[in-house]
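The next part holds the structures, each set out as structure tokens.
Next, two complexes with chain A in common: one pairs it with chain B, the other with chain C.
After this line comes the complex of A and B, so read on.
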């Protein structure tokens, strides 16, 4: 199809879609006048029922815990797909290295690695008390590894993220999330039903099994991000090492 | 103006799809797809917003305080994860296409060969 034909087809389709979408949103309640009822019910009962002060975390890891398992497995499968597609024909090919030569960049960049990792861990740890959680903190923790490449070198990145260890962390975290759900099934007869003491709301010792699921998600996301970075970086390094 | 956030979502979706349809580079295509997907974040969060509502976190405020909908925020989180996985897979396929066909232009990736 030529570009003009495609643009014409797009214009027709987009006009129809725009009309549909505008009619659709015209039927929504006015902005700022949320009608509920699910959000209101959860805001009322979640703290009492689950002892988690962050209702979003209670929804993600408890009320919708089963869906979050699916979400975790989507991430797992995607990383698996990336690794399978990019890892072919890699053995014995030259790898380039690209150490950063600016001392100032190395000093401040590598100095930021530990604080970044720490921020990631704090965001995970307090996910069910205040804003944050395993997914958000996992991305921050994973980006600490990328910072090692960005301010250091590819060799340093490889050194701090041994492939076998990150692969293992990814698999253990995904399996752990599923197993916690199965443990709820065994203990209470309902998957992802809480089976641990609920603790005191607003403290780290609260929310029953949500902390476990939260940490499993955090480890899973951090490992997934690190693996994605590793695969893409290796792809670039090999290609440039070959001089192509 | 009470529809404006919804119309922003519609607009973001349409410009994102326009970018995908007319893209000449796979990485540009992934960025356009991210724009289109971000429209769903705007739409979800706009639907759950409540005037003068606080975040649905009852650590320093008592339960019963006027708050926005936590469900759409959790859905947005799922949405972001899906967006990341899609971007990673498309970039991988783009990288493979560049190795095998020597191009990043989707227009030049025409024939399928086994």
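After this line comes the complex of A and C, so read on.
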């Protein structure tokens, strides 16, 4: 195909795409004018029905808890896939020696590990009271492990994230999430239906079974992130070829 | 639309375009981080703290690490 023909074809395609895009955008509701009923209904009823002051958490772990289970399993399967593909033939191969030599970086970096982990746990713990939750807090907790590599050494990272423990946490958390949903099914006849006392809204003892699902998600995400970091770092740290 | 929202939207547009126009991969990771920051500001301005928090945690460690790991690996093969 000649250059002119390609350009002509592109011009037709681009004009068509632009026309569709403009029509689509023109048909959108005005900025700031929300039309759907669900958000408004949930804002009205969620705190009263579920005793969770974070409506987002009530939606994620209760009203559409089944979807969240699907998302949990997507994460589980993706991480499983990464481990299956990257975890092979590594025994006896040389690793890079990469300890951080700057005292200042070691001091402040490693000093930030515990606070980062704590922030992660707090973000998980208050997920159904205020913004935050298992996903966000789990990623922060996983990042704390990454900081051990970034400010310390790869050997230290491997030491704080034993493979068997991370694998176990990942599996237990994924299974736990599903089992809590099944418990709702057994107790009430509806999967992910609440089966625990609702407690006082705005406190940590609230929102029925949402805290359990929230912590299961937090552990699952933290383990998934740690496993992902471990596999990618291992892949980078192994020397290419024969130790050159 | 209040001026703050307009500024945040414009920032996202400028940062997003910059990511596409940056050709050096390692540099692109950093420009992409700035784009992530612009998105976080937009989410906050639009009063979506949960989404902003998700964007912060993913954009600050997990995503850049995986990109950098892939780039390092790719350069070693050359």
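The rule is short, and it goes like this: the second predicted complex is superposed on the first by the 219 of 244 C-alpha atoms of A that agree within 3 Å, B and C clash if a C-alpha of one lies under 4 Å from a C-alpha of the other, contacts with A are read in each partner's own complex, and residues count from 1 in each chain.
Here is the rule we go by: a residue touches a chain if its C-beta (ideal position, glycine included) is under 8 Å from a C-beta of that chain, and two chains touch if they have at least 3 such contacts.
Not measured: the values here are computed from a predicted model.
Asks: With the two complexes overlaid on their shared chain, look at chain A and say whether chain B and chain C clash or fit.
Replies: In the superposition, chain B and chain C stay clear of each other.
Asks: After superposition on the shared chain, which partner residues are touched by A:196: those of chain B (first), chain C (second), both, or neither?
Replies: Neither partner.
Asks: Touching A:18, do we find chain B (first), chain C (second), both, or neither?
Replies: Once the two structures are laid over each other on A, A:18 reaches chain B alone.
Asks: Does the superposition put A:131 against chain B (first), chain C (second), both, or neither?
Replies: both
Asks: In the superposed arrangement, does chain B or chain C reach more residues of chain A?
Replies: Ranking chain B and chain C by residues of chain A touched puts B first.
Asks: If you stack the two complexes on chain A, which partner ends up touching A:171: first (chain B), second (chain C), both, or neither?
Replies: Neither: A:171 stays clear of chain B and chain C.
Asks: What is the contact status of A:142 with respect to chain B (first) and chain C (second): first, second, both, or neither?
Replies: second
Asks: Quick one: classify A:212 as touching chain B (first), chain C (second), both or neither.
Replies: In the superposed model, A:212 contacts neither chain B nor chain C.
Asks: After superposition on the shared chain, which partner residues are touched by A:75: those of chain B (first), chain C (second), both, or neither?
Replies: first
Asks: With the two structures laid over each other on chain A, which partner does A:32 touch: chain B (first), chain C (second), both, or neither?
Replies: A:32 contacts both chain B and chain C.
Asks: Using the touch definition from the top, say if A:229 reaches chain B (first), chain C (second), both or neither.
Replies: second
Asks: So if I take every C-alpha atom in chain B and every one in chain C after superposing, what is the smallest distance between them in Å?
Replies: 5
Asks: Can you pull the chain A residues that chain B and chain C both touch?
Replies: On chain A, the residues that contact chain B in one structure and chain C in the other are 31-32, 54, 56, 131, 133, 135-136, 228, 232, 235.
Asks: Quick one: which bits of chain C touch chain A in the complex? Just the residue numbers, please.
Replies: Per the touch definition, chain C meets chain A at residues 1, 49-50, 53-54, 56-58, 60-62, 65-66, 69, 72-73, 76-77.
Asks: How about chain A: which of its residues touch chain C in the complex?
Replies: 31-32, 54, 56, 123, 131-133, 135-136, 139-140, 142-143, 146, 225, 228-229, 232-233, 235-236, 240
Asks: Once bound in the complex, which stretches of chain A touch chain B?
Replies: Chain A reaches chain B through residues 3, 6-7, 10, 14, 17-18, 21-22, 25-26, 28-34, 36, 38-40, 42-44, 46-48, 53-56, 58-60, 64, 67-68, 71, 74-75, 77-79, 81-82, 85-86, 129-131, 133, 135-136, 202, 221, 228, 231-232, 235, 239.
Asks: Touching residues of chain B toward chain A in the complex: what are they?
Replies: Touch residues, chain B against chain A: 2-7, 9-10, 13-14, 17-18, 21-22, 43, 46-51, 53, 55-59, 63-64, 67-74, 77-78, 80-82, 84-86, 88-89, 91-93, 95-96, 99, 107.
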